[in-house]
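Pasting the structures in now, so scroll down.
Common to both upcoming complexes is chain A, partnered first by chain B, then by chain C.
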Partner chain A sequence: MRCILSLAMITFKEGIRNRSLFGIALLALLLFGLNITVAGFFMRDIGKVTVDMNLSALSFAGLLLVFFVGVNLMAKDIDRKTIHLVLSKPISRAQYIWGKYLGIQFFVSASLLLLFVCSCLTVWFLLYLYPNYFIGFSWPIFFVACFFVLVKFSVLTAIVVFFSAITSSSLITLIFSLSAYVAGVSIEEVVFYMKSEFAAQEKIISESLTTFIDIVSYLLPNFAVFDFTLEAAHGLAITSQRLFLSFGYGAIYIFILLLLASFIFSRREFN
Partner chain B sequence: MSEIQIVNVSKTYNPGLFKKKVRAVNDLTLDVIKGEVLGLIGPNGAGKSTTIRMLLGLIRPDFGTVFFRGKPLGETTIQREIGYLPENPYLYDHLTLLELLRFCGQTSGLDPAQIKKRGQELMGKLNLLEDQKRPLRTFSKGMLQRSGICFALLHDPSIVILDEPMSGLDPIGRKMVFDLVMELKQQGKTIFFCSHILSDVERLCDRIGLMAKGRLIKQFSREDFLQNIGKTVFLQTTRLTETQKDVLNSLGTSIRDEAEGHLLAVSGDQYFSTNEYLNKASVQVLGCRSEWMSLEELFMQHVKEQRP
Partner chain C sequence: MRRFLPILLLALAVVIYSLIFQSVWTTREQVRSNTPAGYIIPSRFSRILALGNQGLLSDFQFLKIATFIGGRSGEGEILNEEDWRFVIRSLDVVTDLDPYFVDPYMLAEGLLAWDAGKPEEANRLLSKGMEYRTGDWRLPFFVGFNNFYFLKDYEAASGFIMTAAKLPGSPAYLKTLGARLAYYGGKSKTALLFLKEMLSDTDNLLLRDRLEMRLLALERAVAIEEALDKFITQEGRSPEKLVELVTAGYLRELSVDPYGGDWVVLKSGRVFSTSKFANTLPKKPSDEPSTSN
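Moving on to the complex of A and B:
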């Protein structure tokens, strides 16, 4: 555990001191500022637009954090052979994977926490300016939605670690992770469509394609389960069962992915 | 007693589809004995770094076994006992040297007081004390190399594996590292290192392995290339005739062909008689040397023999 935490700590420090972090934070702050500036244009939908824009800004910043900084925190170790030095210490390959994951996760969480505080201030400010247009808005639901943005990026971080463990180039890791993210965000809609009456009327959708999509939908992460934007924007109640299922799905997905990454990584050779 | 035994180890790299496989190490058998300094030399691509990576468990041999203190290598068995410096170490850009050493100490099981004491000691020896709180990305190549050495030695390992430790160092840095390796040698550490700087290998090593094309083609002890035990004088002369060679041989002098003449190894008690004959035969003495054959000459001779 000591090795994992030490590795997590240096990974966190390496990430948090990366200059790209300032650019990402600045961009997110600009989006929050834009939200304050344009919120007044939306008449009765100010509350909905504010929540939407804030959650989107958090998601966008999270994506940039994971793809521009997170990917490099592990893949560059392998690219630049820093891993030779690290593995010359009594750290097992599995400890390396878990340590790196925790480090990137600390980094993403700390950065998102800072942006979350800014986001809350933005929402609070607009709530203060336009109290009559935030009908149904609920802070707890907003917090839940923000928390699940973090869960989504925890899963994405695990995907990045997984692809870093099986490839030897940060660019390939980036491409694979980005593809998994794009597919994961849209897979639920594809599955719904395939099961809908509209799809049944389409003659070009073969049985084998349906089976393929069915299998892929189990393998790819379904990022839609972490999306609570609609509930937060309209103040709709969220059942504890859905919260539990979404969180459990995320946790199990991360665990399995890291186990697989550890297994593959322990068999890998470093030339 | 052998600390590390490499027994009939082979390793082939597969560079990718439709590309010819490269046999990096071919049936290598090598022992590293406790307390010795073993140098591995050889041209680029000889398989030196691959051998080190197999020792560390970074790559697995296709055939053969690597033993550490008589037992086959496990995932972290050797790591507790070794300090490793890779060729051109890439360290974490945004960390300071102090943080890097703290990480090294924590993973090696040292307590904070030990990490601090040992870290300050090593940084002092390698002249890095003033830079310990600077990010590593601001370090020069030589400073990174010295930082890598601190990282390798912090936990006071009993075996030190150094891959090109003098690479990128200025003369002062080289002297520091040289002194440090000598100190480790005096402490009885087992040192295994690869270098292209043959003069350093010559001065530091008790035993030298010469690798070419993945094979260990020759092993030398210090005596093999120094031959300076006893009172022997090495004289460089102009080219000798066969008769002159016979006479000198009868006087107990060893003769070796060189590019511009011959090299004579004359023992102290035969010096005057040999000198008298050289005078009489009008053989010009061009100079004298401190060694029979330099490591560089041995290296070139054996490597040339390996070429088709």
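Moving on to the complex of A and C:
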């Protein structure tokens, strides 16, 4: 356990030192600033627009963090062959995977926490500017939505770690993870579309395509599960069952992926 | 000389860029104003393409509609049938992406019912909103208003106003309004009450201007209507022309319709204008004029 934690700390520090972090933070701050400007363009649902923009800015920043810094932190060791140096220490390959995951997770959480504080300030400022246009807004639901943005990126980090464990290049990891993200974000819409009456009218959707989508929906994480933007934007109540289910779904998916990653990584040969 | 060459080249390039920049934006402006409204991706596809940012996409799409309409009315252009179809489809997409978003419903009421002369479309969108925003009194209020003012279905209007009156936050006068609606029916004064309420609830400048102009027109119509009622009660007949109200001393002067039309009296006793209170040509009023000035 100590090995995992010290590896996680090293990874975390390495992430914090990454210069692209400043760029991402700056971009997020710009988006929050843009939010303040744009909110005034709307007639009355300013609260909704603010929440939409804040959560999307957090999501976008998180995505950049995982793809630009996270992928680098994980795949660089393998790319530059420094992995041999790490594995020559008394640390198992499985421990290496878990340590790396925790390190990236710490890093993403810390960065998102910082952006979350900025986001709260933006919302608070707009709430102060337009108090009459935040009718349905509720802070607890907004916090829940922000927390699930973090859960979403925990799952994505696990995907990055998984693909790093089975591929030999950071570029391939990036492409695979990005594809998994895009597909995961839209898979729910596709599945429900296939079930809808619109799809029933289309003759080109074959039986085998339906089966294929069905299988893919099991393999890929459904990122829409972690999306509480609509609820946060309009202050709609969320049942505790849905919260636990979403959290449990994310946690078990991460666990399975990391187990698979450590299993494959332990049997992998480096040249 | 060789040292200054890059600087010279850069300066030249910057000058050319600024020249091109201007014409690029001018051309774009022309292209945008000439192009028809365009195609909007149906919501069942844009939901997928939004990659989890459906809320943000609905905000963007809404701004796009507002810019489109603002741009057309800024240039004094009248929206044609195709433009309105685009607006309706876009509003449908926005409300599919986020059915709780209140702004598109407000825009639907302000534009589709008033300017486009499509109160049925406005009602359809508002009814969609009522399914989701169950506690919002404004949506049934607007449906009621459209039924009353445009569709002349006073019974349905009264029902919707009653529904609105029962919802939290609704103004107290709605209860009496709902009850009175069926009785008083098509008088402009009832419309005036509605309009004042809508105006007090609107912050959008574009819409405010339109509503204020409409209010002015209606206030003038109501003044004529009241004088007309007085004339009929006292003289026991309808005036042949509206000018008669002025000559008989019931009205100080026959004010001008701000939309530039001529006043007419409908069979229902309501005073209306040949301009139909619109810059576009909405649906014809259901009853034909009986007297004109």
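Operating definition for what follows: the second predicted complex is superposed on the first by the 271 of 271 C-alpha atoms of A that agree within 3 Å, B and C clash if a C-alpha of one lies under 4 Å from a C-alpha of the other, contacts with A are read in each partner's own complex, and residues count from 1 in each chain.
Here is the rule we go by: a contact is a pair of C-beta atoms (placed from the backbone, for glycine too) under 8 Å apart; a residue touches a chain by one contact, two chains touch by 3 or more.
Model, not experiment: these values are computed from the prediction.
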Message: Please determine, from the superposition on chain A, whether chain B and chain C clash or fit.
response: fit
Message: By the touch definition at the top of the document, which applies to A:88: first (chain B), second (chain C), both, or neither?
response: first
- prompt: So, does A:263 touch the first partner chain B, the second partner chain C, both, or neither?
  reply: neither
Query: To the nearest 10 degrees, what angle do the lines from the C-alpha centre of chain A to those of chain B and chain C enclose?
result: 150
Query: What is the contact status of A:143 with respect to chain B (first) and chain C (second): first, second, both, or neither?
result: neither
- request: For A:185, decide between first (touching chain B), second (touching chain C), both and neither.
  value: second
- prompt: Touching A:212, do we find chain B (first), chain C (second), both, or neither?
  reply: neither
Message: Between chain B and chain C, whom does A:9 touch in the aligned arrangement: first, second, both, or neither?
response: first
- request: Identify the partner contact of A:17: answer first if only chain B is touched, second if only chain C is, both if each is, neither if none is.
  value: first
- prompt: Of the partners chain B and chain C, which touch A:80 in the superposed model: first, second, both, neither?
  reply: first
Task: Compute the least Cα distance separating chain B from chain C in the superposition and give it as a whole number of Å.
output: 34
Statement: Interface with chain C, chain A side, in the complex: residues 38, 41-45, 48-49, 51-53, 55-56, 59, 182, 185-186, 189-190, 193, 196, 198, 223-224, 227, 229-230, 233-234, 236
Query: What residues on chain B touch chain A, complex-wise?
result: 13, 50, 53, 56-60, 75-76, 79-80, 82-84, 86, 89-95, 99-100, 102-104, 106-109, 135, 148, 151-152
- prompt: In the complex formed with chain B, which residues of chain A make contact?
  reply: 2-3, 6-7, 9-10, 13-14, 17-18, 80-82, 84-85, 87-93, 266, 269-271
- line: The residues of chain C that touch chain A in their complex are 44, 47-49, 51-56, 58-59, 62-63, 66, 98, 100-103, 106-107, 202-204, 207
